[in-house]
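Paired with subunit B in one complex and with subunit C in the other, subunit A is shared by the two complexes that follow.
Let's turn to the complex of A and B:
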């Protein structure tokens, strides 16, 4: 066996690779799997939040805002606890971002409210005079794409095992269930119910009217997503 | 003297000569510079030592005879002399093994770098520094600290002048409580943990007027709201009478509140602000998120700042 390997350098190289790769496999993979397991308290996004996430990606929010708090005191003082890899377990794709023109948004749901986001997205300077962020007025007119969000949810649930309709452990020891609709019509109804909850705290009459008509403006979905980031 | 030594001397002389010429023809030579001199001294030493070592081994190759005791093993008639490991090397070898075991089991695991460990140390160090620097901060300084924390954490909703922002539903901090809020609280009750614990205030169906013996009326609510929002000043107003008969039982005749029963509604005080920061608040104008990640000193500073805003009202 070894004599044969000594005479066949190609297979010898393959053998060396297999041995080293095996060591890597047993040393790296278990640790990695452990660290990327969902942190207790991490929930998958709901349908409206998923639609908001799509709006977030569509408008390239991640080009200026990161979702990754590094373990430095200056950051944890400002944004809250540093990020853990397990908190991204249900993110597809993750939106870490690599540049902060604006602040980090990993836990923005902890310290901003629906009302604040509404004014801020319409005209950032109205709530933050020194802000350099542009306004996003079209989000108050365009409708969010609920069909795509539902398709994404379905894919995540069926192919990636994201636990929709299953109990997820929460920090206080209880369990939470994030529901997913079983039909497209059901999904629309579900998103609308979520949207109504958000618009009850909003002021823009056009947005309220649109939701009353059964449409969901992008801003409502986006605010749902931002509020969910905790 | 044989040829080997002769060559040694010739090559050494040639190399030293080359060194001398190289340095000598440089602009200014050594320039009396200590570093240059050290470099040259090193070059000379290197040439001489190299020559001695080379001569030693070349001589050994030329003259050495195989000697010693052959080991028993023979590989295709190629034998090997018995050549025991020198004692010093053996000691080093065993020492390395012992060190290796220590490093593998204790040295590395205990002293290994950890990002989170470094973070924890940094936080501990900075917190201690903060604690030490601001342990006795008070008065004007505390207000200034409060203002800077305010400008980072609170300004986004409460505004630069702390006059609130009705667009984003943030309260005006220049007064203790607004008329709108008072009416809402009386109508809906309140449970904001303003005393730090659950201590709900009943809604209008639980508020009796001691004078009339009936539930508080709309007219009375309007009067008392105006009176409290003005800072409980006009003692002769209708509101003052309602306050004395309805609210004073818990909030005290001067509106300063009672420990464990009702919060101060006349002025801001330190514990009140800290409780709002810790628990957030929900009222007529909206919901304020809890800002509990601030440290105790910062909360105290914000309280001092908020109190300084409404002073003189």
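Let's turn to the complex of A and C:
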């Protein structure tokens, strides 16, 4: 059979393809229906948080920080409850990372504050003297891309049924609604309102001034996202 | 046609040899730079605070991985294909104007794609998925380049004179099919410009931005099915294709066992794809998949070692060549590193080992003893074998080549030993508890301890890079010297004498 295949390239290629596609069919396809159900308490991200997630991706934070707490005592002691599949139901893309040059960030919102992030992102050594993380001062100057974040929210809602403007069940039995704007102009107003809450706790005057002018520096969006990770 | 040897046409092979070397230098230089950034963080701003956004570790890391994988390695795969393909199929590219055109078109589109990828990654346009960072327009360009390569492969096979496909061709076909399948499924994404707001606005925001078709755990599953098997079909399968051609050619020895090559090929094809789950141990993907990932990783030792042993036994009775020829040294050490990293990988895939190794530098070390030792050495050896034949000149310096071999080998050893120690140290420190049951070390403690190993790793990488520059110089001097051969060198290697 093998000698025959080696003289018939078409059938050889078909054979190879069947053999390599087999594992993917068995492993990946059945999981699709199951793994995408959110656990109670998981909300989609708000507009400013989405913009912050885009900043996180733009700067490849996931190259050094994971978002996956494994079920070991050492990890739950350090980072909090281990990760559940449903908590990632709205993560497109997933940001688990593969290397912890820095610590896990899955629940960083539980133990770090806006003030801490502000100091840390500008100059990590100011809060962690022997940190090897570089500073990200340009995030205090570059504007966050609210338009693209809004388009991402819309895509999530329209193509993947992510529940914006719909009640989402919370752990205490109540429901929460994450609002999505109707238009680009509305989106900007919404992001700005969120940004003002963040900057009320920040001290960088340039950032405060920028938000007062109606601009949103990347750092504000990033902090909104980091604070939301609980 | 009259009875004389075929004159093969290496135009396209030469073009891809050039990008192999240029992109190798780019990718490895960035790699060495970011390695030293971890040891000496001041380097993040060495080009000034204004440029720091583009020179800090996180922005450069995908540029390093993508330029060595899709630049250096994929160029090497193409370069060797356009050399090996003609020779084992006994047909010249010059015989088909169509295939020559397709080959050149593939090269130029590839160059454009690479340029676009470099610029966009510098700017921070990334999908965040490792080794699949490119946004959708570049993905489409990559698919076109790949399809053109498929046309070359099957076109050349279609007009072949040698009816039986040699082992190398099996592996090139598998590379083509495997990468096509993986890349397409992992990069399924929806451009965000397609969405419409309630007010009826469309084309909102950046047009090239997209989001993954899969969410959360599913996305992770598809990504590591891809990520792991990209290693299979870029760093393993085509490199085996090369060694099956170049080692017998260079040594003048026949392949040790046809049956072993059959077993290894079909075994590798079937087993490799299952093993992706070992990247997701203790994550939120279902347990049975994690277990399958572990088990199949162990089984994977069989076909991997099958190929490697087949290579080493091909040298049976001719081991003096290893001493005499630096080119044989490169290939024999490549096989050895292949055995070594295909044993190390399965060990790391055992769940209890993975609990310590995952997220640490040991994984980085594992990747590099495979890529530097196996992939890098084999591509370097292939280009050294090809250079005299495609440029019709003697190789410039055998001594320089031997020096390069030892410098690079030392570099690899420094690299993986430092990363072993770093990874296991950090993994153990993360999990240590004191007598009261509290965590023994803060995260910062586990970073401080790594400094000497990061410095050592950077040094190892630097030695490898120095060796790569020697390689580039050797090839440059070869191609720019006076031609001495009337026609192509027909017999054994330039090293053999």
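Just so it is clear, the second predicted complex is superposed on the first by the 194 of 230 C-alpha atoms of A that agree within 3 Å, B and C clash if a C-alpha of one lies under 4 Å from a C-alpha of the other, contacts with A are read in each partner's own complex, and residues count from 1 in each chain.
Definition applied: contacts are C-beta pairs under 8 Å (C-beta built on N, C-alpha and C of every residue); 3 or more make two chains touch, one makes a residue touch a chain.
Since the model is a prediction, treat every value here as computed from it, not as a measurement.
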Touched partner set for A:100, first subunit B, second subunit C, both or neither: second
First, second, both or neither for A:115, with subunit B first and subunit C second: first
Subunit B versus subunit C as contact partner of A:213, first or second or both or neither: neither
Touched partner set for A:2, first subunit B, second subunit C, both or neither: second
Subunit B versus subunit C as contact partner of A:171, first or second or both or neither: neither
First, second, both or neither for A:71, with subunit B first and subunit C second: both
Which superposed partner A:128 touches (first subunit B, second subunit C, both, neither): both
Between subunit B and subunit C, more extensive residue contact with subunit A: C
Which of subunit B and subunit C A:159 touches, first, second, both or neither: second
Shared subunit A contacts, counted only where both subunit B and subunit C touch the same residue: 71-73, 77-78, 128
Subunit C residues touching subunit A - in the complex, by the definition given at the top: 37-38, 41, 44-45, 49, 52-53, 56-59, 61-62, 124-130, 154, 157, 163-165, 170, 173-174, 177-178, 181, 185, 190, 192-199, 201, 204-206, 209, 211-212, 214-223, 225, 262, 266, 269-270, 272-274, 276-277, 279, 282-286, 289, 292, 296, 355, 358-361, 363-364, 430-433, 438-439, 443-444, 447-448
Residues of subunit A defined as touching subunit C within the complex: 2-3, 6-7, 9, 12-13, 16-17, 19-24, 27-28, 31-32, 34-36, 57-64, 66, 68, 70-75, 77-78, 83-85, 87-103, 128, 130-138, 145, 147-152, 154-160, 181-184, 186-187
Subunit A contact footprint on subunit B (complex, rising order): 115-116, 118-119, 122-123, 126, 152-153, 155-157, 160, 165, 167-169, 286-291, 293
Subunit B partner contacts - residues on subunit A that touch it in the complex: 71-73, 76-78, 80, 82, 110-113, 115-116, 118-120, 126-129, 201, 203
